[in-house]
Amino acid sequence: MDMATDLQDFLIRLDRDIRARGDWGEVADYIPELARIAPGQFGIAVVTADGALATAGDATKGFSIQSISKVFTLACVLGRIGEQIWTRVGREPSGLRFDSIQLLETEDGRPRNPFINAGALVVTDELLTGRGPQDALAEILGFIRTAAGDDDIHIDRAVAQSEAGTGHRNIALAHYLKSCGNLRNAPELVLGTYFHQCAIEMSCVQLAMAGRAIAGLPDAPPVLSRARARRLNALMMLCGHYDGSGDFAFRVGLPGKSGVGGGILLIAPGRASIGIWSPGLNVFGNSHMGTHAAEALARATGWSVFG
Amino acid sequence: MDMATDLQDFLIRLDRDIRARGDWGEVADYIPELARIAPGQFGIAVVTADGALATAGDATKGFSIQSISKVFTLACVLGRIGEQIWTRVGREPSGLRFDSIQLLETEDGRPRNPFINAGALVVTDELLTGRGPQDALAEILGFIRTAAGDDDIHIDRAVAQSEAGTGHRNIALAHYLKSCGNLRNAPELVLGTYFHQCAIEMSCVQLAMAGRAIAGLPDAPPVLSRARARRLNALMMLCGHYDGSGDFAFRVGLPGKSGVGGGILLIAPGRASIGIWSPGLNVFGNSHMGTHAAEALARATGWSVFG
Amino acid sequence: MDMATDLQDFLIRLDRDIRARGDWGEVADYIPELARIAPGQFGIAVVTADGALATAGDATKGFSIQSISKVFTLACVLGRIGEQIWTRVGREPSGLRFDSIQLLETEDGRPRNPFINAGALVVTDELLTGRGPQDALAEILGFIRTAAGDDDIHIDRAVAQSEAGTGHRNIALAHYLKSCGNLRNAPELVLGTYFHQCAIEMSCVQLAMAGRAIAGLPDAPPVLSRARARRLNALMMLCGHYDGSGDFAFRVGLPGKSGVGGGILLIAPGRASIGIWSPGLNVFGNSHMGTHAAEALARATGWSVFG
Amino acid sequence: MDMATDLQDFLIRLDRDIRARGDWGEVADYIPELARIAPGQFGIAVVTADGALATAGDATKGFSIQSISKVFTLACVLGRIGEQIWTRVGREPSGLRFDSIQLLETEDGRPRNPFINAGALVVTDELLTGRGPQDALAEILGFIRTAAGDDDIHIDRAVAQSEAGTGHRNIALAHYLKSCGNLRNAPELVLGTYFHQCAIEMSCVQLAMAGRAIAGLPDAPPVLSRARARRLNALMMLCGHYDGSGDFAFRVGLPGKSGVGGGILLIAPGRASIGIWSPGLNVFGNSHMGTHAAEALARATGWSVFG
């Protein structure tokens, strides 16, 4: 399946199959604004190395990217301070839930990786060095817009507010990090920035476009070096789906990053950048039908990096 | 670097550089027979998709494959009972040492993955279903010999004996699994088989040849389906280097499986199967110079699966 | 040693010995206001069953009772709702630091006991049921004043402020409990109340007087039933010194509760109530010389409950 | 209730009440020989400071003392090497099951206390220093016989055999300890000795008599100094009932040590030594009706050490 028409046909069939199944998973209920989203939705967008775009379903509908933002903030921080960030956060899978706190206690406040919440808070804290939340968020948004080649990407402030009011687990993580000396800024500042970066709204098409540089596609905007893109992919493969990362690698075989809003940024290095969305989640907190779609796409295209 | 002469030249320079460094790591001391091995040794063998073989250093010297055997026993068990094995063992990174026991207690005796010791014992137990250690070991050896196209691969019984006498951590794991009901055979039988499979002696060349099917090389013997090879690679990428798996993926970007004897089976899916050996280990218990060589090879060839 | 003069003589010798040693431990540094206290101080006050009071050293100097307040708030809550509190908090030693958070994650947000910080926050939350911090603090202070027969016991607001500004570990615990559904009130309210209860200032004499009811001394004010006092003593024996509780029981043999301000409330059931203070701490966060004094007193008097 | 007749009457009523309840708990099923015992049995024997013996129910029927033996082996080791044993084992409650292994991994192979299985294996290993299992077991039996003033106390070898064949959790613990360097002898030797000490058969009367020295009763044989007895009581109070120690202290208020055979050695320091037996267990693995009887006795006599 190499030609654009084949891919487009496949996506349309996939969308139809998924809607026929009606097995959508459960929408995240801990962020009130997200709990309102209807589960029965699905969208997918694939940008291939030749620049072609194939889509199906709700591919242009905006959703909250949530933890997918962790990839972009990490890219910004790597651009600023390079590999120094690894003194503050590790690169190993945690084997625990996205919002787990226990390893901070047994591992001296150094989060296992930048894609669990604790690690992402440290990355955001780093991005706040020497400036305020507005500037940090402007950098993140600027990075994403440039990467996607699309200025119409915004923060949904209602979602940010919603999480700020109920995100007790994240508040606990930030204060715990602060007590360990691994947060430079006030926890409130870091949390405010973090809740806003998570509340960035994008569509599958925008997400797929923004991932072109990570996929190393020829016509991607030059926001990332190839070496850095390669490493982001390694991190996404090992840690992108929390304690379901092994399962995702086993089934899909592609680097990806999920968000609790139901989005998945999926990368086929050198081949394609993919945005997927379906708001119902599986037991690991990753999009249920999104994971299914990623698996079906990888099987149909033979894009798995594992042969 | 596509041509065989380039690859051969690179390996020779790599071998020379590594020997010039003299930074060999520490040989494992918990198995007396392995503790005697001189650390200052290095070998590498690369079989590419065109069937060419390039080697450097001690590429034909035999060493104890130890945990690399876990890949082959898993392949045998998948061949026997297929995906049923996942009811007894998981597919997620453990984030802990290769011989860790604590998760067995908190996760009801189901090891996190088949490449940590606890998980490998379960796989070996499965392989013993309905027959004795001799037959199980014969199957493992048969699989490896067929995969490598080389009948001159044997078990070093002195190493097996050596570990049987001192492997208290493994003995503890086997009895703990038994107490959880996740071992069908007597712990002594499983351990005896396990110590012998770990004591299989191979050279870098033999290892590279045996890995061709996992790499999906065109002329590999048909010991594995492509789908199964793909999944083995996913497991090796996520869990192949214990709590150093994230670091290995980040630096090397290829699936691999290390053994405490200093060997690494490295796979570039669709492109090459690589055997590396250097007996000195790093803090994670993986070959120190072997990891360095894997990183250098991946960088020079651009074989990283992550772009 | 039964007579009052003997006890008084012993305390004076003990005070002299301790000052001669000059081995004071380290003052807690995580609460700025407490970090200023000079370590080389020691006081002790013993009220016996006959109503006699013996003292030595800085026995009338006020100090921050900190975690000793947990005994009094628990007594208040037991008075209000009785044994129902045990649905929200356990009665087992935690084996971990006073401010540990990891068990909240593995034990569904139910703290192991009311004397570690997490458990104390739940008790304070319970005390806030149906009213505000002012009223809750008034009840705690009222209980202590009545128990001590002394109205001159106050909150040191500078200490409360100091902890509110730096108590990130406690803030993390409160928000984590909230995220588990085991905090009814806003974390900020509970924390504000908690920091103020910890900032109550008392002297050794006041502490000894306040402990008479827990010791079951004949002329204690009727603030506690004998059955409730007995249970408080059991909790203090098992959990009163965090992960140093076993050591304290082994060496001293009496129920006690320490505070990070260097105070210890020590109970010899039926015989005496003892207040001890020395601000330097040992590795468990308990008063270093205070523990030594408790051990010496128990040995000299034969008051150990263990024979 | 001070007089012997009152106590005797109380025990008879207690026995009757317990049998009327019919709420016996579950007999341990992991040792086949113990699984055969009928649950509906209860016995109690109390020796008071005046030397009087009161009994009720199956007070002279032998049962397997199991973990109660840990108190006696610890007494033997303290007699041999004194407080040096604390370099190999701690004195803090573990907060985990009697057969937990996870803390060995996180705490470098030093068990939390001598009354969990891991700690007891270390104590038994110490007792084997310089001699074989026969001599070690002879010392344990000799200590118990002398303490009880009764030579008719034996090991039930069928029970020892039964546990040796199925005690995989204990075998795991011993090998894990060996791998950490905290076992001097071969694991098999230590385990063999341990299974035999646990298989000592005693009746409630014999147990109560054997505990007199720990209780510090006037006419106890001189097998223990008062200081040592006091410390044993402290350990029994803090760690004698595993992760149910806090609950036992809260309800009963006396030091005790339970065994999975349903026995409890209960100590009222200075007042009485008590043997209780009922083979059905509660969730912590302690005798269900035995705990109830201990609580009722402590309440009726006012013997709680907590006032």
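So that you can tell them apart, the chains are marked A, B, C and D in the order they are listed, and the count of residues begins at 1 in each.
The criterion applied here is as follows: a residue touches a chain if its C-beta (ideal position, glycine included) is under 8 Å from a C-beta of that chain, and two chains touch if they have at least 3 such contacts.
Keep in mind that this is a model prediction, so the values were computed, not measured.
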Quiz item: Taking a step as a move to a touching chain, how many steps at least join chain A to chain C?
Solution: 1
Quiz prompt | Intersection of the contact lists for chain A and chain B | solution = none
Quiz item: Over half of the interface residue numbers used by both chain B and chain D, so same, or under half, so different?
Solution: same
Quiz item: In terms of CA centroid distance, which chain is the most far removed from chain C?
Solution: B
Quiz item: Using mean CA coordinates as chain centres, what's the chain C-chain D distance in Å?
Solution: 32
Self-check item: Averaged-CA centre spacing for the pair chain C and chain B, given as whole angstrom
Solution: 55
Quiz item: Distance from the CA centroid of chain B to that of chain D, rounded to the nearest Å?
Solution: 47
Quiz item: Of all residues in chain B, which are in touch with two or more distinct other chains?
Solution: 106
Quiz item: If you go through all the chains, which pairs of them touch?
Solution: A-B, A-C, B-D, C-D
Exercise. Note which residues of chain D are touching chain C in the complex, please.
Key: 90-95, 112-113, 215-216, 226, 229-231, 233-235, 237-239, 243-247, 249-250, 253, 255, 269-270, 304-307
Quiz item: Considering the complex alone, what residue numbers of chain A touch chain C?
Solution: 100-102, 104-106, 168-169, 171-176, 178-179, 187
